[in-house]
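What follows is a pair of complexes built around chain A, which joins chain B in one and chain C in the other.
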Partner chain A sequence: MNISPAAPIITLFVGALLTYLFGRTYPKPKFTGLFSLLFLVIALVELLNLYPGGGRVTYSLWGAQTFLEANGLAIFLGVVAVGLGILVLIYDVSHMKDSPGLGRYYALILLMIAGAIGIGFAGDLFNLFVFFEVMAIPSYALVAFRKEKWEPVEAAVKYTIMSISGSLLALGGISIIFMYTGNLDLNTLAQSAANMDPGMAIAAAGLIIAGFGVKVAIVPLHMWLPDAYQAAPSGISALLSGITSGAGAIAMLKALAILLPTGTHPGVVLIIFGIISMFVGNFMALVQKDLKRMLAYSSIAHMGYVVMAIGLALNYLPIAGEYAFRGASFHILNHAVMKGGAFLCAGAILQSIGTSDLHEMRGIGRKNVLVGVAFAFFALALAGVPPLNGFISKFFICKGGVDAGGWGIVAMSLLILNSAISLGYYLPALNTILFSRDISERAEKARPVSAWICVPIVVMVILTVLLGVYPEFGLKIVNPAVQYLMGFAGGL
Partner chain B sequence: MMPVYVLCAILFLTGIYGVVAKKNLIKIIIGIFLMVQSVALLLLILGYAAGEVGGLFQTIGLITMIGGLAVMSLMIVTAVRLHEKYGTFDISEIRRLKG
Partner chain C sequence: MNLWQLYIAAIVILLGIGIYCLISRRNLIQLIIGVEVIAKAVSLSFILAGNLQGNEQIAQAIVVTIILIEAVSTAVALSLIVAAYRHTGSLDINILKRLRG
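Presenting the complex of A and B:
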């Protein structure tokens, strides 16, 4: 079937509107969730129909031509976002059943996912920015969704202030590029950017790194992240860490790649900030007492791995580009699966014992065996233990580092060191949850977990193992993205 | 044309000053609004300098303003919720927002 590249995005926009109206007129929470799930499934089918890419749609807004393009990268990001979205919506049918205003909640989730897909599909910097905002604005509201408590509202204020400032910086960078080239089309922009003033190109690259870096949470710009992930509903934490940070990294990559011919070296900056993010994220996670906050800091570290891989790819493009891009894309996919799963487990535990304090979780894994064992899989995968998926993507990033040689090998060894450090907090957490001798009072009285919560967690465990022992399954959608990126950044 | 760009930069820096240095949440929101408007203004001026009417620059400028308005209304709502909770807009008295 021949469908337009804009179809998945339009489906989700229409879905958001209809879900909101459905939630207003038919206030039965379970059906609102399932209704919005329908649109995500349609979007997934459309995305798989577009595989492996090709096709471009031009539309005009007040006389300005803009493009949406279905390429390997777009399909990859779309499948990751929609796939995680489907699992989280199934989870939320039970997890969010007591909250009021679920029509709004699901509509905002659909908009956020539409924005993330749009970042992949954007064929010019204008669409890239617009979809970045479409993704960002619902996420502010979703963090503050439980507005009767003080933590979510405060975290959302902090997140909004930092994130909107970042978006404006990125827009400043984009307008500098446009000012000097008069062109925003990603396919031809590199040629027009080649004779840009080098000083202005450096300014634009700096603004773009700082701007999109807020969403990716590279380290000096990460302050909002632990608060937001801890205070948001667990499904939203999973979506934020799985989709928005990955999509932010891809937005940054797309905008920076076109500045390569100007003689700037954004890759070096990304490698340095990636390494700083890994260390700060992992060391801060070591001292956390709260499971969701610990996972949030570990997200910073994992995005550090991705940013470092992107930096390696951009800096040593012809020799190391392939494996570094493959590592970055595969790690975005794996991070969505394993960190999303870990957040869903944390949410399930939070729901059954009423707190996310690690000390109160002693022995919960023996009460809720499924959640405990699933958390073990996710924690080990996040630490990069061999047969699981986290290992494979870290291996690709390391291969990229070795290909690059010189400083690439230094960066790679720091990544391995950081994986070892991260075991230092995953293993104690695992020990507390699964192997603790005494069982805490709250865990003793833990409520059983609903089947709606178990199903997505089990699916994610299966994916974690499958992507680890049979990575070709994941590479099927990763490889077209790598091919596109090599052509996009390398052919310039 | 250059002085106009400098004015936009000054407006943007004023906004950043508001966000970074002010303690009152409403003043921070005003600072963000100044940043949004300065970027939108820059885009509109760039469009004017390029001699286009209703082109890409102006579209981006318009969309920036719309996005800015959405964020602004959201922030004002959250600020009102915080005021109901604490009876103040002073962020140094609101626990989590320190640092």
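Presenting the complex of A and C:
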């Protein structure tokens, strides 16, 4: 069947509207969730139909031609976003069942996922920015969804102000590119950007890194992230860490790649900030007492790995590009699976004992065996223990570093060092949850976990093992993305 | 002095005012105003770019979209600030320090 590249995005926009109306007219929370799930499944089918890419749609907006393009990268990001979205929506059927206004909640989730897909599909910088905002604005409201409590409101205000300023900076960078080229089409922009003034190209690259960097949470711009992930509902934390930060990294990559022919070296900056992010994320995670906050800091470290891999790829494109891009894309996929799963486990524990304080969780893994064992899988995968999936993508990034040689090998060894540091907090957390001798009072009275919560967690455990033991399964969608990126950044 | 140099000066001044406002102000509403001023600087730079490059269609499409996006995100931000005000009765930025660590 031949479908338009715009189809998945339109499906989700229509779905968001209908879900909101459905939630208003038929206030039975379970069915609202399942109704919105329907649209995500349709979008997934459409995306798989577009695989492995090809096709471009042009539409006119206030007199300007803009493009949506179905390439390997777009399909990859779309499948990751929609796949994680489906699992989180199944989870939320039980996790969010007591909250009012679920029509709004599910509609905003669909809009956020549509924005993330659109970042992949964007064929010009204008669309890239618009979809970046379509992804960002619902996430502000979703973080503050439980606005009757103080913490979500505080986290959301911080997040909103930082993120709006950041996206305006990125837009400023885009305006500098536009000032010198008069054109925003990603396919032709690189040739016209080649004769940009080098000073202005550096300014544009700096603004783009700083602007999209707020969403990716590279380190000096990460302050909003731990608060937002801790205070948001757990399903939203999973979506934010799995989808929005990965999509932000891809938006940054798409905008930076066109500046390569101008003789700027954005890759060096990304490698340095990636390494700083890993260290700060991992060291801050070591001292956390709250499970969700610990996972949030570990997200900063993992995005540091991705940003470093993108930097390696952009800086040593002909020799190291392939493995570094493969590592970065595969790590975005794996991070969505394992960190998403870890946040869902944290949410399940939070729901059954009423707190996410790590000390209060002693022995919960013996009461809720499934959640405890699943958390063990996710924690070990996040630390990069073979044969789980986190190991494979870190291995690809390291291969990219070795290919690059020189400073690439230094960067690679720092990544391995950081994986070792990260065991320093995953293992104690695992020990508390699963192997603790004494069981805390709250864990003793823990409520059983519903099947709606167990199913997505089990699926994620299976994916964690499968992507580690049989990486070809994941490479099926990663490789077209790598091919596209090599052609996109390398053909310039 | 050319006209576009005046435009550049206006962009730089607006950007400076916006960033100064974000750094120096302690009131949440004033922070939002600072963000708005930065948005105006960015819109103006797109208008200038479109004019210099003779590609006004893209420039006008982007500027209209920026205004739209900015209105939506400001509405969300202000509603969050209202929620914060209902909790604490204050608009000072110091209320945002309960989450730490």
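By definition in this document, the second predicted complex is superposed on the first by the 492 of 492 C-alpha atoms of A that agree within 3 Å, B and C clash if a C-alpha of one lies under 4 Å from a C-alpha of the other, contacts with A are read in each partner's own complex, and residues count from 1 in each chain.
Rule of thumb we're sticking to: a residue touches a chain if its C-beta (ideal position, glycine included) is under 8 Å from a C-beta of that chain, and two chains touch if they have at least 3 such contacts.
Because the structure is a prediction, the values reported are computed rather than measured.
In the model built by aligning both structures on chain A, chain B clashes with chain C. Touch criterion met: A:164 reaches chain B and chain C at once. In the superposed model, A:181 makes contact with chain C only, not with chain B. Of the two partner chains, neither chain B nor chain C is touched by A:357.
In the superposition on chain A, the chain among chain B and chain C reaching more residues of chain A is C. In the superposition on chain A, A:288 makes contact with chain C only, not with chain B.
Judged by the touch definition given at the top, the superposed model places A:226 against chain C, while chain B stays out of reach.
Shared contact residues of chain A with chain B and chain C: 61-66, 126, 130, 133, 137, 140-141, 144, 147, 150-151, 153-158, 160-161, 164-165, 168, 171-172, 175, 178-179, 182, 184, 227.
Residue ranges of chain A in contact with chain B, taken from their complex: 61-66, 126, 129-130, 133, 137, 140-141, 144, 147, 150-151, 153-158, 160-161, 164-165, 167-168, 171-172, 175, 178-179, 182, 184, 223, 227. Interface residues of chain A facing chain C in the complex, by the touch rule stated above, are 61-66, 126, 130, 133, 136-137, 140-141, 144, 147, 150-151, 153-158, 160-161, 164-165, 168-169, 171-172, 175-176, 178-179, 181-184, 226-227, 230-231, 287-290, 293.
The touching residues of chain B, counted against chain A in their complex, run 12, 16, 19, 25, 28, 32, 35-36, 39, 42-43, 46, 50, 54-60, 62-64, 67-68, 70-71, 74-75, 78-79, 81-82, 85, 94-97, 99. Residues 15, 22, 28, 31-32, 35, 38-39, 41-42, 45-46, 48-50, 52-55, 57-62, 64-66, 69, 72-74, 76-77, 80-81, 83-84, 87-88, 95-96, 98-99, 101 of chain C are the ones that touch chain A when the two sit in their complex.
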